[in-house]
Structures are given as structure tokens and as C-alpha cells.
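Several structures are given next for inspection.
First subunit A sits with subunit B, and in the next complex the same chain sits with subunit C.
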Partner chain A sequence: MERKLPKKLNFVLTLLFILFVAFLLYLANEKLDEYVLRVVRLIAIYGVMAVSLNLINGITGIFSLGHAGFILVGAYTSALLTLSPEQKMMSFIIEPIVPWLANVHTDFLTATLAGGALSALFAFLIGWPILRLSGDYLAIASLGFAEVIRIFALNAISITNGPLGLKGIPEYSNIWWCYGWLFVTVIFVASLVNSSYGRALKAIREDRVAAEVMGINVFKHQLISFVVGAFFAGVSGALYAHWLTTIDPRVTTLGPMLTFYVLIMIVLGGLGSISGSLIGAALFAILFEWLRDLEEPFVLFGMRVPGIKGMRTLVISVIFILVMIFWQRGIMGREELTWNNIYRWLKRRGESG
Partner chain B sequence: MTFFLQNFFNGIMLGGLYALIAVGYSMVYGILRLINFAHGDVMMMGVYFAYYSAVVFSLNPILSFTVAVLGAAALGFLIDRVAYKPLRKAPRISALITAIGVSFFLENLAVVIFGAIPKSFLDVFKDKSILEKTITVADARIPLLTFLVIIVTFAMFSVLFFVVYKTKIGMAMRAIAADIPTTSLMGVNVDNVIGFTFALGSALAAAGGIMWAMRFPNVHPYMGFVPGLKAFIAAVFGGIGSISGAVLGGILLGMIEIFLAAYFPSVMGYRDAFAFIILITVLLVKPSGLLGKKAIEKV
Partner chain C sequence: MSEIALEIKDLHVYYGSIHALKGISLVVPKGQIVTLIGANGAGKTTTLSAVAGLVRVQKGKVIFEGQDITNKPPHLVNRLGIALVPEGRRIFPNLTVYENLLMGAYNRKDKDGIKEDLEWIFQLFPRLKERLKQLGGTLSGGEQQMLAISRALMSRPRLLMMDEPSLGLAPILVSEVFEVIQKINREGTTILLIEQNALGALKVAHYGYVLETGTIVLEGPAQELLNNELVKKAYLGIA
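And now, the complex of A and B:
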């Protein structure tokens, strides 16, 4: 029995789905209040982060922990480009900003692309040494590189304003920019995964030696995946910076903590599944906002419990450990949410029921 | 000469602390091939245990340090039982991700229980004069604390080498590092020995952490991250899986950091970056480290 939908129908369904989502976003933009809208935009930004990390970790099997480093590069680059010369002059109080940065001022799209490009360049340079390592060594080395980038952001005061960070970044990341970039990311990464490159990447994930024997240039393919992932990480960093409006190089904002957050999203959604990453990102963003109540004072069985700071990250980390021990495949495993899969699933339900 | 001596002692001290933490990484990696990401955070918890038993329960410093070291050992054992033991047969990467989760959990637990605001470890001492005493060696004024740290570190390593090379449980540890299935066929309770290894490594890390906090008294929930990473680098540098390698790597890393910062003060802010550059270089040039055995990858 044919268990595939015709290509044309598949395309039409996808198009309808995109239009439907766009309509929902339009409604959300008109009707929802500012606070909820912020979370809706954050979901898209997390989505870009998660999909790009999943390309590197889940699909290619390079266990990189350097994502926050790339996000930081994108965030700082774009913020330095969109801040006006007057603002930059005002906020660089420890040391004046270097002259070649002082007077550049670009629009948001250019800044985002520049952030992504610089991030990709970093990945290209870092990739040469660290992709020669394997497994857990690579994890530590990439984490180390992200830390080096963060230390640089902390110390190169005339470029990054050091520990003070950048403030007053214009809030350009509206719903259309965020979801537009999410759309581009998903389309690009999905096309890459479904191409011959993608099959090579999966082959490397399954068995590096066997892939090499089959004539796949392992290093080249890993580098491509790493650079593409870093580009979108840089883009997400630009969106994130223009969502936060204030960035600084602390451990908790653009440091290893952020890498862990993104890792939680992709593990929860399923390592190796793009749709899983999107679900993971949405769940994480919503859960994180919803758990905010734990940090406010609340009433339990008639007793007043004072809010405890840090409680929500504690709950998230417990969930993360439980998922790793009992449910390693995550929500989607390595499956994708495609029309064909839904069709097959519905058909199976119909046959058995 | 005076300048050199001062830095030399500082280097030995910092290196000794790195070594104390590195041993725990190395032993666990030698047995399970797992980078115990949470190791630095166990160290942080140990420091908090010491701080609270001294400040809140007003135990004297020596007693509170003993309590803290034992507490950290129990914590290390517990972490292995709860988080790592169910994943012994899972792919190695799953265990690594879980270890990251545990590290994240401990940091947040510390924020919730102890608060995110940094505390000063000097509150532990009622009589702070001991911290300010110095000893003069060939015109160089060396803090008494430095000597104390060096002596304690040395004593700890003596005990560690005795346990690993002269006792029955040490023999079991070395046997497990060589071959787990065979060791379990010989009637060794593998899980208990692995638990003991975690406890031993965590105790040493807590001792290292307490001395670290005497030197850098800023105690906060993320304080374990950087020393933990650097200790891991020290373990790789010396040859991961080898205890004497961890000691050598730790002391070399401490020396390199101190001397670079002493003779090139302009790069002081980038001090933490050196360690990673060393790591990458070692991994590319000699991945087995200085004293490690070369592993042959069978296909």
C-alpha cells in the first residue's frame, strides 16, 4: 500500500499551514498584550537557537557546547551596529570605543547578517582545531572556546564595554523578524538535512569510521555543519540582543548557562529532530515563564510560602535529569513531524481501530 | 630572586589545588570514561558545607572542614547512585549530558538553599590573624597559608596513593579501570567500588575547594565552574586516567598561569584563556597527555 502523500498535496498542505501560522501570528500581534507577546517572540528566538544547535549536535553528532559563544558574537556584533554613535559614546565610560566602531550605524537586517557572518567565521576558525578531536574532548574544548570568547568580551573594554555590557539596544526583534528568521532557519536546515550533504552528516553521526570508508570527507562535512549552525546561532544572538535590549558577558546571560538552556530544549524535543527542537524550544519558553510563579509568594494548603529565587531553574534542571534517565529519546526522538508521517500515523490508527 | 620565589610558591599552591580537584576527574574518567561535569560543583557544595557549619553551627574551623569533606564525599556517592548508575549501559554521550544536568542542578540548588549573593569565606575564622602571618624565605615574604596549603595537599596525596596502591579497595579500583566485566566476575561489587571512587574524588575536591576559598574568599554558587574546567584541563594535560598525571598536570598548569601573569601583567585579564589554549594544544599534539597511556582505537 502506498503510504506517501502526492508531492503536490504535500506542498499545498505546507503552504496552507504556513499561511495559517502567519494568520495566527497576525492575530497574536493585534490582540495579545505586550507581556505574552514577548514570550511568543522568545519562542521563535529559542527556536532558532535550538534548531542550529540540533544541526550540530543531533544531526551531525558533534557534541558541541560552544553555542553560547556563537550567540554572544552575534549579539554583540549586531548590537554594536544598531546602536547609534551618540549612544555608544555615552555608554562607553570606562574606555572610549575604538574609532572604527564609533560611527558605524546600520539597519537591523544588515546587523543580523553581520552577526551571523562573524559567528560563522569564528566557527570556521575554531572548527579547524577542535573538529579533529572526538566525543567528550570536543565537548570540553568547545565549551572552553565559548569561555574564551566570553572572557574576551569581558576584557576587550574598548570594543565591548567590558563588564558593563551594552544598554539601550533598540527593540527591533518584533514578531515578524523573529518568525521570519525562524522560517528561514528551518527551511535552510531542513533542506540541508534532506540533501546528499544531510545524508552524509547522518552517516557520520551513526558511524564515523564507516562513513569515512564510504568516501565521505568527514572533516569537510562536519565543518560545513558547524559553520552553518554557528551562522544561525549568530542570527539568534542578534535577535536575542534586540529582544533583551541589554547584554553583558555574565555567566548567566550569554555564558555557559545559555548553552545549557538550549541543550535542554533539544534533549527535551529529541536529539536529531528539527520539529522536536521547535517543540522543545516552545515548551522551554512557556515552562520557564509559567514557573516564574514559583518565585513569587504563593499560598499552599492555607500556608503562605514566600517566593524562592532560583526555584524555576532548579525545577527545570530536575526535569532535565529525569528526561535523561528515563526518556532519552525525548518527545520526537529522531522523527520529524511531516505530513507523510502524520498521514501514516492516521492510517495506522484507522487500520487498528 | 625574591620575586621568583614568591611566584614559585604561589604556583605550587595553585597547582596543588588544581591537582586535588583534577584527581577526581581523572579517577572517574579512568573507570567510567565519563567527564564528571558536576565535579566542580561538588567542590562548590563542599565549600558551602564548610562555610555553614562554621558560621551557622559555629563549629571550629578544623571540625567544620572535616564535616564538609565528609558531606561532599556523601554527595559524590549519592550523585553516582541517582544519576549515573542508571545510565551505565547507555551511550556515553547520554551520561555526559546527564552530568551537565547534574552540574546545572547543583548550581541551582545552591542558589535556592544558600542564595546567589556571594559570601566571604573569611567569616569562618574568628581569629583572622593566622591568615596574615608570613614567613620570610630568602627575603621573600610567603604567607603562612601558602605553606599550610602545600603541606595539606601533600598529606592528602600521600593518603590517596596509599589507598589506591596499597589497599584492597584501591586494587579493585585499578582492576575496574582495566576491565569492568572481568572484575565483576572476580567477585568485586563494581557499583560499590565506583561509588567509593566518586566519594574519594569528591572529598579531595572539597578539601581543595576549602583551601581555594581561603585564598580566594568569594563563595558563590558558580564558583566551581572555572576551577572545575581548569582541573579537567590539568587532568588532560597530565594524561587523563592517571593519578600521578593529574598531580603533574595540576602543578604545571598552576605554575604556567602564575608565571605568565607575573611576567606579563598586561595579559592578566586573559589568564583564564591560557588554560584552554594549553588544552587545545595538548589535545592536538599529544592527546594521551604527559603520563597517559596511548589508547588504540579498535574498529
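And now, the complex of A and C:
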């Protein structure tokens, strides 16, 4: 009755799949127009955001609403490192930039890693107090900390250029960087989840007290999951900044709205499922771009409808509410898209058919 | 007198302003089954939680094999060799039976020993072996209780604390659970058993304590307690 594929076949299939996706991406990069390509890249960036939040929320069960804070740290850190000294001097018109930041200039990879690392450090410092809370209290505290980070970015003018934000960030986030980082994120998080360590994280999600008496140091495990999640959030922030090319500390760009978007992705895809997060991220990115048409004037059943600003956010929210009512587990639930699961599913269909 | 596994000295626990344990002292000798019986709200679960490190002890001492473990965090208490079968089973519903069992052995590195213990558990509870790939939450109540006991055993504890293992089980399963408790004890594990089912508990135990609103009102060898007039009246329902 063992319905399992041999390990070797599993590996070969995975390798073929990765090569196939790489080939598709290569084709997309060559053939698709700039606008569609931007969405394709955004899917990968959202994917990194979603997978990292899923590690914290879906797998460890820490109901964190602070993801945008970590994304912001990654975005600003990396942008300040890749902007040329001249560009920085030009942008900082309210107050000149602090001297220790004025002349640093690094390549994109270093900047991304620095963004992730600083984000992880923030998570470590924030996690220390807030992980002692649980449930709703933790959600509110994490939301609060993310806002503190955002307000800091708004007011530390000599570091972040305040409300004006950073402009002219080089558009380094090409298709290979985005999907490369997505690949690293998925591999890292998936191997973490499938280790005995990941099993402990899931046990904490299921029953914190029982996990404690099983000898799991709950606080330490949660903190590590929080820090790893924040690292990849920082990385996604770096990719996002170099995709947007302009970042500012408004609520809608790197504030609570972004946290809620990522939350929608992982709930839509299925809390606790990595493949679900990826599907959720792709759906969200495509849907959100497609709904842009609602904000332009359009014709519906022969009637002219004027474009309404913010309409797409409204529609997304309604869709989200409907999903919550009728499809609570999301698309994947807690299942993963693995070769074994596909094989088992095909076999079951074959047996019943 | 044989060696002492666990000793509780004058234990006081408060929940806010409620004085839940008012100076409890008890001794669990090595290799024995000691039971703590009493009505709802007497402080039985609180006593176990205090030993396990889940609630704060305000006054008093908990000593395990000569070592003071008062207010040690739960994961460290487990590492010392104390396992708890918590009230209400608390298995991990979305992990498989196998994963649940492995969680019990989380702090162990000896792969061969873990395998051996798994085999031993399948002998104790053959039904778990059939359900290995199933999610914990899909088991019946009785199977979940077996899983909870097995999970605790997977850490190969020297002291096993059980919180109402017979609660909510069909009568036939209740006697099965008590039989298993005796079997586990015979293989060398010391057991501290908490029960509302006083009759069942006293029948398998060597020694018993009766707890009432946070204090121990009576203690003695289990056989004596079974024949005690007060116990008969209040807990066994025999007039």
C-alpha cells in the first residue's frame, strides 16, 4: 500500500521541473513585453514575502502582523547601499544624508544580504519582548512595532530622506535575481519545515503547552523561526525596492497595507503550505494588476463607468471575504504540491476510474 | 524504605488571589505507582503542573532524584527525565501519529533506542501501529489517550506523570488503560497518577493521597485507602 516514489526519481523530477521553469523564465525574458515581465518578476517578489510570512504565521503559528516592517528595513537598507553617492546627495534635500552613509556603495547581492541581515537583527530585538505574548496580543504588538519602524523611516530624515523617500534606485531586480532568491527561500524554508526542527515548529502551532512538556524550548524555536522569516522578508524588501525604484514610508507602499496583502496571499493559498503561498502570491499579483482596469473608465453592458480610485483594493477585499466564508482552508490547505502527492492523487483517480 | 524519585515539600501555588495549593507534601518512591485522588478543583492538576514547570510555585520545593527542580522551565524538566501526559490528552492534531510519537523523543539523539521504544509501544498499543500515517486529530478518544501516553513514554522518562488518563473513555478502555499503567510500571517506570476514578486508581497504585481544596487530608497504602470509611463514602460511592 506504500504509495511513494523512489527518492532518486523524486530528485530527477524536481531537477527537470526546475530546468523547465528556468527555460520558461528564459523564454519569458526574451519574448514578453516589459509590462508583463514586470508582473512576472513581482510574482517572485511576492512569493518570497509570502513564503517568509508563512513560516512565521502558518507553520510556527505566530500571528505576526509586522511583516511590512521587516520588508521596509530590507528595502531601505539595500537601497541606501546601491544608490550612488551622487544620487544620494541629490535626493536628500530636506537634510543632508549622514556622512557614514553618504559614500557607501555596494553591489546588489551585498545590499540584499545586508537588508536581510538587518531585518533579522530587528526581528531578534523585537521578538525578544513580543514572543512572550500570544494570540491577539502578539498580533497587535507586532503591528505596533512595524508601525514604529515605519514612523522612524518617516522621521529619521538624515538617514531615510523622510517623507520624500528614496528615488532613482537602480532597477536591479531582474527576472534571475527575483526567481533566484525565490528558489533559495523555498529550498531553505522547505528543508527547515521538513527537519525535526520544523516538526517542533508545527507542534508549537498545534499545542504550545504540549510542545513545552515534550521538552521543546518554545521561546527559542519561535524566535529562530521569526528571525529566519524576517531575514527573507528583508531580502524580499530589497528585491521590491529595486523593482519599484522609488520607495517611501507611506501606509500603502511599505506599511500595514503591504502586510495585509501578504496575509491575503498566504491565507488564499493555505496557511502552512509553501506551495500554497506561491500560488497565493501569483494569484494576488495577477489579480491585482488585472483589476487595475477597474480604476480606469470602462464600459459595462453599454454603460460608461468612470474609473474609481481604490476600486481594486475593494474588489480584492470582497474576494478575500468570500474565500474566508466559503473556502477557509485556502487553495492548498496544509498540503504541499509534491511529486508524491501528485502521484498518489493520480493513482487514486486511476483506481476509482 | 526504597529510594525516592520525587519529593514535594510544602508546596504553595496561587492563581491571582486564589490559593490553589496550600502546602502540599508528598513522596513518590522509585518504582512505585503513587496516586493523587480528589474531586474537581481540589488541586490535582495544579500539583502536576507545578512539578512540570507549567505554573509558578510561590513557596515550597520540588525535588527530583535529589535535585531541586522548583520552577524550572518545562522543557528542562522534561530533559531531566520527567514526562507528563497532560489533562485532555493534548496530542498534536495535524501531525501524524508517527510524528506525534517522534515529538515525544525530541530531545533524544539515540536513534536505535528510539526505534526500540517504538517497537515496545507497538506492543503496548498494537492499534497505534495501524494508525501510524493517520493525523492525530482523526483518532478516536481512546486512541488519542493511548497516543498521549505513548508520546510521553517516547522520552523514556524515569517518572511518568499522568493527568486523568481514564477521563471520557468507555468502561472497557478504562480498564485497558489501567492495565497498561501497571505494565509500564512493571517495566521500571515510576508513576504519579492523578485520577477522579478513585477506585480504578487505588486498585493499581501502591500508595495514595487524598486531596481536598488544596490540602492533603488523607494518605496511606492504596489497599488501606480502599477500605477507609471516608474514602468509601466520598470517592467510591459506597455507603
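We take it that the second predicted complex is superposed on the first by the 353 of 353 C-alpha atoms of A that agree within 3 Å, B and C clash if a C-alpha of one lies under 4 Å from a C-alpha of the other, contacts with A are read in each partner's own complex, and residues count from 1 in each chain.
Everything below uses one rule, namely that contacts are C-beta pairs under 8 Å (C-beta built on N, C-alpha and C of every residue); 3 or more make two chains touch, one makes a residue touch a chain.
For clarity, every value in this text was computed on a predicted model and none was experimentally measured.
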- Message: Should subunit B and subunit C be called a clash or a fit once both complexes are overlaid on subunit A?
- Response: fit
- Answer with first, second, both or neither: which of subunit B and subunit C does A:334 touch in the superposed model? second
- Touching partner for A:140 - first (subunit B), second (subunit C), both, neither: first
- Message: Under the stated touch criterion, which partner chain does A:151 make contact with: subunit B (first), subunit C (second), both, or neither?
- Response: first
- With the two complexes superposed on chain A, say which partner A:199 touches: subunit B (first), subunit C (second), both, or neither. second
- Message: In the overlaid three-chain picture, which partner chain does A:217 touch, first (subunit B) or second (subunit C), both, or neither?
- Response: second
- Task: Examine A:226 and indicate which partner it touches, taking first as subunit B and second as subunit C; both and neither are also allowed.
- Result: neither
- Touching A:209 in the superposition: subunit B (first), subunit C (second), both, neither? both
- Classify the contacts of A:263 with the two partner chains as first (subunit B alone), second (subunit C alone), both, or neither. first
- Item | Nearest-approach distance, in Å, of subunit C Cα atoms to those of subunit B in the combined model | 6
- Query: Considering each complex separately, which residues of subunit A are in contact with subunit B in the first and with subunit C in the second?
  - Reply: 209
- Contact residues on subunit A for subunit C in the complex? 196, 199-200, 202-203, 206-207, 209-218, 334
- Message: Under the stated contact criterion, what part of subunit B meets subunit A in this complex?
- Response: 34-35, 83, 86-87, 90, 92-94, 96-98, 100-102, 104-105, 108-109, 111-112, 115-116, 222, 225, 229, 232-233, 236, 269-270, 272-273, 275-277, 279-280, 283-284, 287, 299
- Query: Within the complex, which stretch of subunit C touches subunit A?
  - Reply: 52, 54, 73-75, 77-79, 83-84, 86, 90-95, 99, 102-104, 106-107, 151, 155
- Touching subunit B in the complex: which residues of subunit A? 63, 65, 129-130, 132-133, 135-137, 139-141, 143-145, 147-148, 151-152, 154-155, 209, 251-252, 256, 260, 263-264, 267, 308-311, 313-314, 316-318, 320-321, 324-325, 328
